[in-house]
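The two complexes that follow have chain A in common; it is paired with chain B in the first and with chain C in the second.
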Partner chain A sequence: MSTAAQTDTAHAAGTNYLNATKGLKSWIFTLDHKRIGIMYLISILLFFLVGGLLALGVRAHLFSPEGATGMSNDTYNQAFTLHGAIMTFLFIVPSIPASIGNFFLPLMLGAKDVAFPKLNLASYHLYFLGALFFIATIVFTGLDTGWTFYAPFSTDRAMNGVILATSGAFILGFSSILTGVNFIVTIHKLRAPGLTWRRLPLFVWSLYATSIIYVLATPVVGITLLLLIIERAFGVGIFDPALGGDPVLFQHFFWFYSHPVVYVMILPAFGVISELVTIHSRKHIFGYNAIAVSSIAIAFIGFLVWGHHMFVSGQSGLSAAVFSFLTFLVAVPTAIKVFSWVATMYKGSIVYNTPMLYTFSFLFLFSIGGLTGLFLGALATDVHLHDTYFVVAHFHYVMMGSVFIGFLGAIHHWWPKMTGRMYNETLGRIACGLVFVGFNVTFFTQFVLGTQGMPRRYATYHEVGDIEPQLLEMFTLLHQISTIGSFIMAAGLFLILFYLLASVFKGDKAPDNPWGGLSLEWATASPPIEHNFEGQPVVRRGPYEFPEIDPMIK
Partner chain B sequence: MINTLLANANGATFWLPVQASTFAEVHDPLFYFIYWVCVVSFVVVVGVMAYFGVKYKRKQEGERTSGNRGNFALEVGWIAVPSVFLLIIFWWGFQGFVMYQTPPANTLNVRVTADTWSWSFRYPDGTVSSELIVPVDQPVRLTMTSESGSAQGAVIHSLFIPAFRLKRDVLPDRYTVLWFEATREGTYTLFCTEYCGTGHSEMNVPVHVVPSDEFAERLAALDSAPDGMTTAEWGQQLFAQQGCTACHSVDGSRLIGPTMQGLYGSTREFTDGSTRVADENYLRESILEPSALINVGYQNVMPSYAGRLTDGRLDAIIAYIESLAD
Partner chain C sequence: MSTAHAHGGHHHPFHAHHFETLPQQEASARMGMWLFLGQELLFFSAVFVAFFVFQYMYPEGFLEAHRTLSIPLGTLNTLVLLTSSLTMALAVRNAQLGDNKGVVKQLGFTIALATVFMIVKYFEYSGKIEKGQLPGQWYTYEGLPEGASIFFTMYFVMTGLHGLHIVIGIGVLAWILIRATKNQFSAEYYAPVENVGLYWHLVDLIWIFLFPFLYLIE
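Right after this comes the complex of A and B.
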């Protein structure tokens, strides 16, 4: 890509997007995609903190069979529900696209901003409003449905927070749709001259696939939650059999959105890994076309597999068989990506810096997360494992071990560009190690818990001891190991928070292109100037032309 | 293989619990097939990654790397080989599912009712039990539904027996069917695995797999105290098994319903303004028709136990509550 973009004028003047204007209002009403990205990043991480503290509460409680913290069952049920709901709706759905994506999509395209800057701001404001509904749920009522809101429990029995929380999720859905529309148009219309589809960074491809799902799937969950609200508030029978409704219908509607949204979460992390593995190995990506096409394939096949959440729910046997088959089909494009990333490292020049350590972690954890999906996709084994801790471990390996680890990799990789500062590399590596070890200790044990039969969403497990004392002994030991792991992981995460904050105030100034990247975001200043580039960048090659072009070879 | 070496005589391994049904015998080989596919795939992917990571570690800045951008044959290969394994796993899993879906003829039919938060099992002769008792080596068919004996609606539960490797959701207003053939005598756990609120984690009961010739005897014995247990002690056991403890404490602390400590003989005040001394008849009526009189300060949420407790069991529970009088 062109390095012709001249940043000198603004550079010399010392202005960038952070200091161009001042005051709180200049942030709240900014149209700059970079500032919106930063606001998303801060909001998302704050909710990650809330959701994470709830998770620590859950883990602490399960340290002993009767519940170690003295929480009542109802309190525990609220804790795990809010952990799941906050992590899903407020953290992981927007996570990488809304923060890193917002910040870097226009930069990678050589554009001044996204196609609809005001829509972008509206999307953030809607996110904020939806978040307020969740905060109100926590403060004023309570929510004990699980994040899945299964009817008829949610419409008939659960605590009063159901309407507040689902309204919040409904609003957050609109935030997702606006981001999706914006990204699709931006990618189609605002690519720099010469930036053809096959020269797009793979992160952009992944955002494109993600946006398709945002736009196509989110309306369905919006309608579903609306129906739930109508049933609960006005007693119209839709899902509750007592009113003549069908509870399995809710599960179909819910998973029609919530399964594709799993790919909303993971695809951007795939995109991040494609960027990180190439730059830090100084290699062209192995199989560019295969990786780009597989993102789109996953986005589409992802719409056809929702029924694999319902093998034992009472749906027809034929549906179950078809959904199982399609589930195995979606494994193929996913496997292609993993193999391609590993192959990219062949004959590379691999540096062991923090972003690359996260890439190694990702490949390790995602392999486990993806492969354990085979047990759940196969019908006969899912009958045993469904709704046990095996499922909990599996989706944490994918959601946290892969999406969140990819997110951390992205933050470390692009931190110098976003803030203009370098973080402490030594602490970065130590924290990455702590998170990796803590994560595996926490969640690998849960695979064994699940295969041995421990159901999920249990506030206590002491009753098991009356029936099978050996089982109770095993459950207790495994839960204790898992809890210890979660606190190791928390230590690592707080360390990251500490050195990243410290870097903002005391970090060394970051160069414009610290890793020697070839995509356009590295061709402007760190931090970027307000309008991203001084002139219009022109692109004459792909984003991974190592080693032919390598800024690190002097 | 390591897992076979670790296996106990009862089929339990590091990964899986006791193997006690014909479905478990179908499930476990598939489980271990997938397991070894995963182990080998993981070792290959992470092994190659680690090898490249060490071999191609950056030795000095600015070293020249390979210009490799792909390899068509390799890419076709790593699509084809996993696809074969995926198809095998799909087909194998489907075969097991066909068995799960199709109960044989001549089963012992047990009707299962789930309520918040207890199970009841009704046998062909009309006997009702809160624990599942089944004869070994005979196919059993569970016809399951969720009901609500209280003012609140019924919710979804799920019946899960890890030793049998089986589960199926239990829904309000319709029947779902689960069948199994137990192969090993013993006592195992039956869990609820669909989240159903406050008492979800206490909704576990024993599954007794008994010799065929003892089965009739065990069913008959459901109506009298086990050997060496007083009626009140048996009542205490039933009080826990029926899920009463989820809402009623026995130590004076307040849960969803009134505590049982000092309840017998006390004067109760009701929401309709009336009062009554809690005697045996009051206790009996309150268990069978809980919504008739609601204690002041409590909600009308308790399900009715009419038809779910035999008279002998009801007497035992009442005897236990009497023993908790001040």
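Right after this comes the complex of A and C.
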């Protein structure tokens, strides 16, 4: 075929995937998984910026009890809804797998591309189309349901954006499913000779577990959103109690997807940390099999715990107790991972560079996020903490403090490979510190707010019940600290944006293997050539058998 | 096949460069399709669950409403779909033997049977629309217990989604048929026919569950 000719010319000196072909069209219609990964990365970060600015708006508004920015309650409802919906559907669900995963999965497997390159491009185009629906929602109507679209509010009283936004989420779901199918087949069928299952980098294992959830959970939210669209457009009565329907059914369906999808978000971050902790500690990973299998275990148990979102929705006491028990079960494989990472660092020669600092941040923040999850999984405490800022703080510790920090770690770790440039290490460490401090100041205060009874999603809090003056004073102070923290974090994030962009133009040229990694992505050029490798790589050992420590561990 | 030689080398014209061998590519395509079918099952599972939940909530409404469905028409459609699965399987067999003419013929039968299915569905639907046996707020039929309107909601949602899959199926069947007229399939390359076949059998299988739950079981 015609590509055969291109293969030969691409090997000329100095060509890589970035400069092999030129022009906008060569990107929009590329079948190269690396370019698709980069396009995902840019799009995802763009929506992170939009969602982040909305969050800053929300935080600024809460600076005073009556609302500091002067936005109306309706506007506030839209701001937090769009923040949640954009961050969930457009940022965090695709985040690591679609960008970093797309770029590095075939490289780590020693393959030329994913199994279905056209499907991969279709996934990106679907992502783009879904994103357009969300943009249309913002521009033309509005959305005030919260990102969960709970019926019956979403079926009649809510603003008109419901159909647009849910259609967007439906399309984004297809994008996820196709990515999942693609990754699973790629991992099964395109491994390099010698790359056995137990020699796979742990990031690949985490992508495998993630893809299973993509394929098996996403269709359920697909049909749920479709039913919601039908309900809203035609009034067929499935979720509308006035017509004999059942709104709690919506919650069951919604969380049957949306809880497993929490693990879609966190599992790739686990995979990233497994890579980072071992490479930057120069140490063989502790408990390879346990980490790999625990990813699959989390994916499996993750399907059985959705009811813990509904402890106060009127489900039976028995099922609440069963869901609570199963929720605690998730802590077992998760703790296995955390202990393995810590054990990996033990007696390692740890390098305190930016990716490793993100690893430390992750371990610290994820531990808090994970442990506070137990408070919410326990029935008695959940009834008290439900719908308070405690929940908000918990899921931000897990979603942002863990997934996003892992994502930042991944970007810094693989930036030299993706761009062929080194970023400014000093600025990297400063920014990591700013984000870490800002994050904790923002969200740790919210744990306190929540236990004191501050409900989530309130635009103003000067009239929460018959609030006592000293409690109002405390709420105000904590909200102000939280808001200041969010701006510290934003400063750190903009600093990252600045030095990463600067490195593209002025950064030092990156060596092929700046960290001394042993997985296959480090065996090719930085940035990689168009077809990834000169010839077919062959694997002869595991990904973490660093030569200098081999005698010590054996 | 002749185009393969025009490009030189031993590559089959449909062998993509990132696969080592054509059998590896075929196996990947097959595996991708099975995964896709897995997600289809979960897609439909939710409407089945909803059906059972509402049946539990409104046992009488569902019983009486289900008795208004026409078992003869449902049986006819079941026979039509089962036969179409047979012709589909024969099309795959012909592709494996490299008999592209046979593929065209069998796919022609399959598309014709799928069309018959949709025509029967059209008559069933229009009967219900006339009587007002419609979902939710559109329900105007009288004489059935509470919950009958939800039964018709589920009836239209489930058969509607299934019908949509039939229509999409007719589209991909036509695509494969056109490719077969160009003699593109052979003993070494027939995964597209097989994959469309797998999809078609799944659509058939879903009907095998829809038919008893909606029409037969009291």
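Here is the rule we use: the second predicted complex is superposed on the first by the 530 of 554 C-alpha atoms of A that agree within 3 Å, B and C clash if a C-alpha of one lies under 4 Å from a C-alpha of the other, contacts with A are read in each partner's own complex, and residues count from 1 in each chain.
Everything below uses one rule, namely that a residue touches a chain if its C-beta (ideal position, glycine included) is under 8 Å from a C-beta of that chain, and two chains touch if they have at least 3 such contacts.
Predicted model only: the values in this text are computed from it and were never measured.
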Touch count on chain A, higher of chain B and chain C: B
Chain B versus chain C as contact partner of A:D113, first or second or both or neither: second
Contacts of A:V185 with chain B and chain C, given as first, second, both or neither: second
First, second, both or neither for A:V93, with chain B first and chain C second: neither
Which of chain B and chain C A:I177 touches, first, second, both or neither: second
Touching partner for A:D240 - first (chain B), second (chain C), both, neither: both
Contacts of A:A297 with chain B and chain C, given as first, second, both or neither: neither
Touched partner set for A:V220, first chain B, second chain C, both or neither: second
Common interface residues of chain A - those touching chain B in one complex and chain C in the other: 240
Touching residues on chain B, where the partner in the complex is chain A: 14-17, 23, 26-27, 30-31, 34-35, 37-38, 41-42, 45-46, 48-49, 52-53, 56-59, 61-71, 74-75, 78-79, 82-83, 86-87, 89-90, 92-101, 116, 152-156, 158, 160, 162-163, 165-169, 171-174, 176, 187-189, 191-202, 204-206, 240, 246
List of chain C residues in touch with chain A within their complex: 7, 9, 11, 13, 15-20, 24, 27-28, 31-32, 35-36, 38-40, 42-47, 49-50, 53-54, 57-58, 135-138, 146-147, 149-150, 153-154, 156-157, 161
Contact set on chain A toward chain B in their complex: 73-74, 77, 144, 146, 150, 152-153, 156-158, 240-242, 247-248, 281-290, 311-314, 317, 320-321, 324-325, 328-329, 331-332, 335-336, 338-340, 342-343, 345-352, 360, 363-364, 367-368, 371-372, 374-375, 377-384, 386-388, 448, 451-453, 455-461, 463-464, 466-468, 471, 546-548, 550, 552-554
Chain A residues touching chain C - in the complex, by the definition given at the top: 1-4, 7, 111-113, 115-117, 119, 177, 180-182, 184-185, 188-190, 215-220, 222-224, 227, 230-231, 234-238, 240, 243-246, 249, 253, 256, 536
